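By letter and in written order, the chains are A, B, C and D; residue numbering begins at 1 in each of them.
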């Protein structure tokens, strides 16, 4: 079977779920005839028609809210943010209406909001965001952020079938950069389970999305240059978070680094650190160290962006410090 | 000098700053003739007129954005959210336009967004929120959340004079429940400095807003019943966070609990924990424990709300566990 | 400005009936209400009376501090809520606001549910999770609102979009206040619905105020029906205190939507005679305004006159309805008062489909209830719906 | 739907000039442009030519991969940007969008700044922090946009509110595209400005598309000027490809605002001849549409005819302007190419007034620059303005 990219994996997931369940339909800006800003939905209009691939006005709150209404009635809307940065315009709708729907009104709201996220692409402050932390403290939502083509496909299919609202973040840096062979058939990856991206015994790197690849780069280098055996845990799901998998790697290596691309203060790493601290404090031989972006809006010029975002060399530096601790 | 309430302290701050600087003006829903849903701005219309106390249409994004524009032009807008829960409607404006303004465009944006926050008042899921965590990972914003009348006044005056945008959260449970004598004259409390609310040596409780009072209650009980000496640090400012004060109390007691009213996952406690872990790991004799709300939208019925929110007895329970660790 | 405050300024007040007539003329052939049976005519009265009396009962309970939180009235607006909801079929869905108790009752909401909600009881429709009339039931055809104004418009756009996609001949009705027309959600929702030609009816209840804010500070348009012009949809205005006029104008819009002709915006002229909520003393209202509406334009009085003078309904038939209403409310009150408060740990149930219940925080394991109770909060009466 | 796609469907296309005339007729007495001096008439040509030639230069740099990120064109829309900005005074403030390079140039933006921005240089106005023409200068009277569409409307409401509060006789002008009229921010911003009677002019640039989305899928209104009716403000439509008509209609609105008569919405009919950004192949555009606009309705060609045939400007005067433009752009290009890229650690400066600089992350202390560079990202050409 042929290798496919992260982007094609997402398109396959949409295609297969729309084939499987006619209540699945898409809404978003320019997703029809144009096929989406990144061509993720390319070809879907031809296959499924205007009733199921709906170009919307520029109104994120409007069509995310509409997705909620349709979901109440038994549809399975999948909404695209042209760039995930625009999800901020639907923040109220997502956190107040959608996330609380089942709890306050016993009203299921199964929908998916997906879109291109993340930096390393010279997108500047409004086309590079990682919004996961802003939604992490909203009970009722689920959040996934895959790092591989296989997880992108499996998690999106699971998200569409999930009975609760799921935010599905896609890393645009990975769209066409990574390829892999995917398992045959109806490939599903359960939401809420982390993945060991690399086995190791000396220290653990807990991360997700694009920085999984930087961690892998760093691990290779550390193995070669320092003979360090690094374990990498790819969270994949941020909400719910896989505490068991986190504690397992912590108890195995006793040294932990949390890496993410988002800014440091208030980022997901804080939550991960707090959970480890509560559930595995005794197993820690060193402080949990964070490698993240600096606390600024992401600048656009390459030297600035590269300086602000976490890089492989940063992970190497911190890993050495951790190993020597 | 007479004792005044937390609410009167806020009104005094507004009054004094409007007297001092005519570029200060207010916008919000029903803040003029009606004096605001909680009467915080009562009397200000009579004193300062319709030009400086502006009733707005129901458009949080609209008038928060307007505040930004006015701020660019040298005005000092102070915007009221009728309930802070509605700040979600201005989330895009605050995080994308306002927070980035100085950095991306060298354009100062000095404004204050304030409003009644928090629970313990049977307000239900949409009139009880604590939105601080949603903004904590937005560089460019400042966030304060006072627990006392004195800090409410001093921090609001400082926020209005600050050259950057400040989110000023007021705890509605405290509005009329606490009273104190305020220092004479131009009382300012610098943003970014925590306050030791109670001296102690056995363990530290790091908290802010209404739960400062629950921590104080618990500390009294622990002193009486267990002879435990509890130190309480009131953060007051969440962004920037006073790392020095945090590390000082950690290094003094070596046992730390972080308490907040907001939901647990993704809450501010995670960030505090991560900072302590990085900067004072060696000083920890026990895991940092969190006392927070449960991860659900805040329900309205008293037995449910009381069960979901952190209570004094929870702090006592966890403190005993921490002391015995 | 002050002079322009309040509806009177815009020539409403005593005689909006004429506007109602205007909207009646728009009807092709006989007015839809001409086809109402005598039972249905009486039923309209029953719903209005039930709405008013139920709210009056809630006021008593509120005064006895048995209501948890604020109390919201629709006094003087009963015709707008009842007449519009009555124009829907059973399969249709409506999204009520805080002044639409009447609409919910027409759609099958039970008085005992309402009282349990206000008393935060464990067997209330939301099991004590949400306030006042914030609840829904898709089977009966009404959906629960949230506080954030405007948000229900996009939601109902999606509800009716699903009707369209599935080719179901169902219609959706969403209410917004004059104030909520200023929200971005209102704009984005209607615009999308108009483009998609969703079977949606948008009713703007113009009751003169948004909390304390008169329309003159809410918008520079004189007639809110003109908001429709920005979306390429028809906008009509009718007398919201004439229940038959409300029924007529809504029925026409509902039929139009069902025919697949898309969205209609209806402005109903009415007046909020009570404060925003029970705590609000209405100090901002020009003197005499409330009294004049009460005296000259009470929707129940007006309909009573129609019933007795035009439709030949006998006093004793009216009295029978009144008696039935009081009786139902008495029974509902007794049942609600007897209801239990929620079990605290129910707070952990149903945030997700899976897991159906979240674990209590470790230090709460085994704890059945919170330890310290809190007194009624000062100022909580000001919480909005 | 497809049939209705694109501007042609709505009877635009070849002869919008008539509409322009319509708007001229609206002017009381002689059109404002009748008072333009000969120098000003030539200046208008200069700005349009500078806009077009500068963008053409940027295309060359883009093809040489010297532009970092996407490239946005206003080809065929130069008259709308230039004519409207020209109607402002120096003290007035405008908020441009991605198609308003011309407006910024009129307001004093320098070609070298624009090229430095596109090349992400360290001495660009945003020091490499923001993309393309996302920058501003209050002294020169233009404010930097952010990507989130609609957000600049409330911001300009606040800017002009401050003019009103301080009784300054200044005016604000904000541009929005046809697509951005669907945003909640547009609605909330205009509505508030209308209520407050702010000295604000809102220009809706109707260029037929929002990215690939034709107006028929953006809104159900036929003329975007009718959006004004929802806010109780005047709405006018004019020919956006007739620079004098644009100047006239804008000048009238600006004067009106300066007189304290409040907000005006202007719809300018134009056409986006290039894709949303340089990467966009416009496959969604009906065949012939672009060519027809180019052939029959190019704003520069049209104004050249006016200059030479009606205003008696000589060919060689035109040629002189063209030469001056090319010369200025050459110099700007050389200067921009010679500019340095930013110093990486400048990324830590100026997020707050205090502290003026944040500390580098501990593991970066001493590190001057990031270690691994990244190749040009696939698909980044699709990034929007």
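Methods note: contacts are C-beta pairs under 8 Å (C-beta built on N, C-alpha and C of every residue); 3 or more make two chains touch, one makes a residue touch a chain.
Treat the numbers as computed from the prediction; the structure is a model and nothing was measured.
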Label of the chain whose CA centroid is most distant from the centroid of chain A: C
Contact-richer chain pair [B-D vs B-C]: B-C
Distance between the centres, which are taken as Cα means, of chain D and chain C, whole angstrom: 44
Mean-CA-position distance for chain C and chain A (Å): 41
Cα-centroid distance, chain B relative to chain C, in whole angstrom: 35
Multi-chain contact residues (two or more partners), chain D: 129-130, 134, 146-148, 182-185, 187-188, 191-192, 195, 217-219, 351
Where chain B touches two or more other chains, by residue: 56-57, 59, 61-62, 85, 88-89, 92, 96, 100, 103-104, 125-126, 139-140, 295-297, 299
Chain B partner contacts - residues on chain D that touch it in the complex: 126, 129-130, 134-136, 138, 143-144, 146-148, 151, 153-163, 165, 184-185, 187-189, 191-192, 195-196, 350-354
Contact set on chain A toward chain B in their complex: 85, 88-89, 91-92, 95-96, 99-100, 103-104, 125-126, 133-140, 239, 241, 262-263, 265-274, 277-278, 281, 284, 286-290, 295-297, 299
Touching residues (chain side chain A, partner chain C) in the complex: 25, 51-52, 54, 56-57, 59-75, 77, 92-93, 96-97, 100, 102-108, 139-140, 142, 162-164
Of chain A, residues touching chain D in the complex: 29-30, 32-34, 37-38, 50, 55-59, 61-62, 82-83, 85-86, 88-89, 120-127, 172-173, 175-177, 264, 291-292, 294-297, 299-304, 306-309, 311-314, 317-318, 321
Residue ranges of chain C touching chain D (in the complex, touch as defined): 182-188, 191-192, 194-195, 197, 216-222, 226-227, 229-233, 262
